[in-house]
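For reference, the structure discussed in these notes is given below.
Think of it as A, B, C and D in the order they're written, each chain with its own count starting at 1.
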Amino acid sequence: MKDTPVMELRGATKSFPGVRALNDVSVEVRRHEVLGLIGENGAGKSTLLKVLCGLQRLDSGSLLLRGSEAVFQGVADANRNGVAMVFQEQSLLENITVAENVLLGNEGPSLRCGLYRWRDLNRRAQKYLDLVGGSLRAATPTGRLPFAKRQMVEVAKALASGERGHHEPVILLDEPTSVLEHAEMETLFSIVRELRERASVVFVSHRMEEVLAICDRVYVMRDGGVAGECRPADVTTDQLFSMMVGQDLGAGYYHESDQRPAQSRPRLELGDLTGETFHDVSLTIAHGEVVSLMGVQESGREDVARAVFGAVPVRSGTITLDGRRIRPRSPAHAVRAGIGYVPAERKVDGAVLGMDVRENLTLAHPGQVSRGPLLDPARERHTVGEWIEDLRVRTPSQHTPMRDLSGGNQQKVVLAKWLLDPELRVLVLDTPTRGLDVGAKADVYALIRRLAARGLAVLLLADTLDEGIAMSHRVLTMKDGRITGEFTSGAGARPQRTDVLERMV
Amino acid sequence: MATTSQTPPEARTGTEGTSRFRRLHEAGAAPFFVLAALVVAVGAYDSSFFRAASLISLLEQAAPLTLLAIGEALVVLTGRIDLSNAGLASLAGVVLAHGLGSWGPAAVALVVVGAALCGTLIGVIHTTTQVPSFIITLGFLGMFAGLSLSASRADSILVTDGYGSIEWIFFRIFGLPISYLLVLVAALALMAWMKALPIGRRVRAIGLNERAAAYSGIRTRGIVIAVFTASAALAGLAAVFQVARLQSAGATTSDALLLPAIAAVIVGGTAISGGIGGVGRTLCGALVIALLRVGLDLVGINAAFQPILYGAIVIMAIAATADRRRGATVA
Amino acid sequence: MKPTLAPAGHHDPRATGRGADEPARPGRAALGSHTFPTPALSVLALIALVMSFVNPSFLSPGNLGAVAEQSAVPAVLAVGLTFVILMGGIDLSLEGTMAAASLTTALLVANDRNTIDLGLWAIAAGCAVGALIGLVAGAAVGLLRVPSFIVTIGTWQIGLGVAQLLFGDTPPRVTDESFRALADHKTAGLPGIVWIALLVVAAGWTLQRYTRFGRYAYVIGGSEETALLSGIPVRAYRAAAFVLAGATAGLAAAMATARSGVGDVGIGTGLLFTTIAGVVIGGTFLTGGRGGVLHSLVGVVVMVAIANAMVLAGVSSYIQQTVQGVVVVTAASLTLWRARRRLRVIK
Amino acid sequence: AVDSGSAAGDSGRCEPSDVTLVQSGRGLENEYYVAVNAGARAFAKAHHARHYQWIASNGDSSKQLSQIQSILAKGGKCVVLNVDPNESSVLPAIVKAVDKSGAWLVTQWNRPDGLAPESESPHWVAHMSVDGVPQGYETAKALFTSMGGKGSIVALQGILDNAPAQERFRGLKKALKEYPGIKLLGDQTAGWDRTKAQNVTQTYLTKYGHRIGGVWAASDSMGLGALGAVKNAGRKGKVKIASVDGLAEVVRAVRDPSTGYVATTPSTGAAQGALGMSIGYAAATGRIDPDKEPRGHRSFYLKPLPIITRANASSAPSPTDTTRLDFKNPWSQNGRPIK
């Protein structure tokens, strides 16, 4: 009995239109272990977890729970069987209290005769909140919590959901650390270690050190399959990395050899830019330069990017573009000044999923496919076709709705939307590779290089430290809304990760 | 008001088998089938309905309603609603009836432009205060009602002088009603406009995902103001048609067209959450509603049963024409 | 008409950055949060202030009683409607539902048209008719997945039709004096319907705060997806909200019938405007998830107070509607002003 | 002013058996229209009309016009329409449609100034109305007398853009001039609506308190609303009420001295339904030639009837009573012509 895995996937396959997210995957989760899951973006980690927690059903293959085959009817059903998940995207409701969120759908004993007993509810929720630490109070309205605290609430919620069943729970954590500060991360680790005593944990992270530090066993995923299994004691980060990306990509991953030196002429200059979440931010990006802005979640770097694009108000300071001062009061102004912006939330802010590829591609600069004021369908077909070919967008046709494209291809279309404009001067990229698979990611990197070579100034908010360091000419770090450091990062002379990290936290 | 949410991924897979049906549905064919079914149903009870006179009369009756519905459709395409356009049509009618005598044909232009300006005002207030359009236009509905009552001095106005300059709208040419031909021309112009100019996509993009539209550099605010302006201008035009048709104007003449116009938009298959639909199918939706308004009388249904049937048919028609592509459109 | 606020997963730091671990300052918290209808109360205070100059009799006990009495019926309507709106839907059918319920009630108490006399059970029957019409709407929204906006335009007509069928030749006149006394009889200076309305509001508030239905209304309005993920039967709750709205409309119709003494097809005329405007002015978002029964109550009282103030101030009948429209727009702007933000999507 | 191209002058009159009778009004949830329908139906029955139809406009002018146009498109010349226009502004279009199709139209109550059957079309056979001025005047006088000729009143108006509402109010004003001891404290519209009238009256009662000695309402339903408010204020019987229309409930209230309800007018609904039909029918079947009828037969007020007070309330007929209607002579109830 001791050796029966708590959960097991056998030959699991799951496809989405255009993507095989899981391809004949067999994994097992053993009792009282912390199982690590690593892999590039889009390797299928989240999909695997979603299958485990009943959110998605397998196309083929089987799911075994405590030795017997199981089909979950949904997340709530999985919860009842002791499986709970913290989602990659947060799923807390802002308009109810923390306690309600923690026990959502699980209020059971706190209802008597159909009536909520708030004190009891709060007490029960507080139990889980105390477990995760962070001095969270059950009665607080969730909307008042900062982002990182919500992540802790998510964990508390998963704990609560996992304990609905009569078995030892299985807790699935999908990148719980990506938005946590150092201290909170430590707390989380101690929770996870403590959880191991009475539960099984699956832990997904992009940070290999973390995985090595906390996990008992690690699966490496690549392109929907399991590329390897190992014990942290036996491997190094480098070994893990090469298992993750595959041998062939190795050096060429960031296309570092394509990096051209930037010109000295400044293209975009920010002078003491101050907004609600950032202060006195000054930076200069030259023609053809890629500058990456690094920082943790609340560092204010996203708002700096949005301010350049006119999406958040600026209190004081200047934005100068090619020597001319601009005051973007809305994205529309910024676009007309020659700025493009790829938002982090692709599905919410980047693409109009209900429209087709062609319409999305020409949405920002319809002038490029028009004759006079009229859209020119022939020219549009031609131009869009060229871009699709150029960026290797995999789409059945130009009229395929964006919704049906894979994430990477959606991202390419969103990028192409800006590239359509030959006058584009500045491109602001907010984690442009988030959610992209390996190939797409490499394509995007190559594209950024090409754009820079064209003289474009690129402000990059990289997803990972490595990406930021590898892709840029210069790395700037931000903390608490201020610039805290600057590193030059030319080809062959990259700054140390630890140095950069030091300025960020 | 309509909330759309992504269906959980599993719920989507079942719908692939019926793809041809779906493609027809997505192309906006459903409202035409509903219209055809209704025409056949009324005709089956009363074959004289198929006579040219009856059908042409139906088109003529549908003209002002169609104008209001088209304007409403533009607003609904952005995911908003205009509850004030029918009230504005009443007000514009009163003003026109007063103005025709002294201004002649110029009054027509003045009224349409004036109405358009009212729409601009609504749009500006809505986008500036960020109060939902439902409430802003509800408030304006009250204002327009009050103003038209004052402007008409609570009396209906018979148009005598200057009636000639609009009377021709309800003449017929080669047996075809000029009024409906004009509506068709306006609709076709709008359709061409929406198709050939970037604005059509921008309007739909705002309805589908306003944030993404804004992040694409679209002046969402300007476009929202523009659709309210267009809706109001069409309301002004509808007022011209009403005065031409009635030869007089009263303070509340067009008020009752509000809900039928909204129903026409939705029966036409435009999603109330925005982004899906358009002008062409609204023409069809307006005919469905116009037919329903008189069809039950033609068939000879007892007056008391008529509202029940009307309500039930509208719900069923919309269930048939609703486009649920974007997941569960509820609320 | 969906004001998508910051989408799930995307968090505006300004909305969340402050007050990580606020020390409990209940007063401030209540004023600054969405849990208390502060802006609507300020609007009410403003009206009172203006009227204390224009016509001080506005604040006389007699007139306040009149405002309370006139608020009673729309307040009951607002309670049910609030839950529909909290879930992100809307119910436009109130007037039709009230018509059907009014005639049902009048025909089932002692009346001059038939010999049926169910006594106070007639009220229950009125509620049941309302609930049934609500069920039609709820089922259509839940099962057919048709937007409630249009479904309830349909059920409005259905309710009117049912009422017309029941009407016959003359309005059924209620002869049961105890039924009428329910509305008129004064206890502690306030007529019965005010007490009934207060009871309904209290019940609604309890429902909102202490039951699954009420709490899940916020969850569904906050994010239907999260609700589905948590295994909440969203469609059933949605349908239940329409049934509740129908039932309260039925009760409101019974109250109005008791007040006027006849079953009347036009019993709800004009109440849709008052109620919806009241709910929104109170601070319940049409997108759902925010607001509550108390908010709606205050909003409805604002609407009634405006109508009352205009009569007292002697505003000409000709411009009353205009003034009311201006007030609705202004009040809604005041209530929602602090939520304004660049690139905020409000439909 | 209505466009010609009229079908007038064609000799083809209809056989009685071919005639379709159509009565159009707001809706049967309203007692007045129930009476109109009863009168029209009684006429149809008495003449074995092939077809009688009631169509409801539900307060929607466009719908009313559409319904009429559709029926005309279908039924042609032998349609007799007795129409209460939803508001006067739809009337020109209705006349035009009838004129073009050669059918026969009689209208009630509302018409825009400057439009009259005698000058428009033979197919618009007649327009009849009930003179609101004497109604308002007589009921107001009864009210003032019951108050002893002095004191203050408030007035509830009907929908403001409605001719009878305005006429009745003019009647009230006329009476006020003759009773200098009576003061009009205020007037508000309650839109013919009972609940609204109750609310407005309640507010007036708190505003003016005991100064209010009487309420005059432009319609009975509003009068009943006022009665409710007066009762709740504990002033039943002390505040006198008078209104217009002859609803059964009001007639009952007038009979009961404790209510303080002093007067109303007899219902004219059944007469308007039956007379309208009989005039249109006479024209359709060729019994009369509209062009040859005198002006007083084309646009006229019904003969004013004595108002109902406590003295005669017990003998007042039911509004839907059709037994006293005279179908022989369509002009039997003609009062003074409308100017």
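General remarks:
Throughout what follows, a residue touches a chain if its C-beta (ideal position, glycine included) is under 8 Å from a C-beta of that chain, and two chains touch if they have at least 3 such contacts.
Per UniProt, the chains are A = Sugar ABC transporter ATP-binding protein; B, C = ABC transporter permease.
Keep in mind it's a predicted model, so treat the numbers as computed, not measured.
Among the inter-chain contacts, the highest number of C-beta pairs connects B-C. Once the centre of each chain is set as its mean CA position, chain A and chain D turn out to be 72 Å apart. Separation between the centroids of chain C and chain D, computed from CA atoms only, is 36 Å.
The distance from the centre of chain B to the centre of chain C, each centre being the mean of the chain's C-alpha atoms, comes to 28 Å.
Chain geometry summary: the mean Cα position of chain A and that of chain C are 42 Å apart. Residue positions of chain D touching 2 or more other chains, listed in rising order: 27-28, 160. Shown for chain B are the residues in touch with two or more other chains, namely 8, 149, 154, 211, 214, 303-304, 306-307. Chain contacts: chain A has residues 55, 74, 311, 330-331, 348-349 touching two or more partner chains. Contacts between chains, counted with the stated touch criterion, involve the pairs A-B, A-C, B-C, B-D, C-D. By the touch rule above, chain A contacts chain C in their complex via residues 55, 74-77, 79, 89-96, 100, 104-105, 107, 111, 114-116, 118, 135, 137, 140-141, 143-147, 149-150, 276-277, 298, 300, 303, 311-313, 330-331, 344-345, 348-349. Of all residues in chain C, those touching chain B in their complex are 1-4, 7, 87-90, 96, 140-142, 144-151, 153-158, 160-162, 164-165, 167, 223-225, 228-229, 238, 273, 276-277, 280, 286-288, 318-329, 332-333, 336-337, 339-341, 343-347.
The part of chain A that touches chain B in the complex is made up of residues 55-57, 74, 309, 311, 330-332, 334-336, 341, 343, 348-355, 359, 362-364, 366, 370, 373-375, 417.
Contact residues of chain D toward chain B in the complex are 1-3, 27-28, 53-56, 58-63, 65-67, 69-74, 87-93, 96, 110, 112-115, 160-163, 166.
Chain contact summary for the complex, chain D toward chain C: residues 27-31, 34, 38, 157, 160, 186-189, 191, 193-196, 198-200, 202-207, 209, 224-225, 228, 231-232, 248-249, 320.
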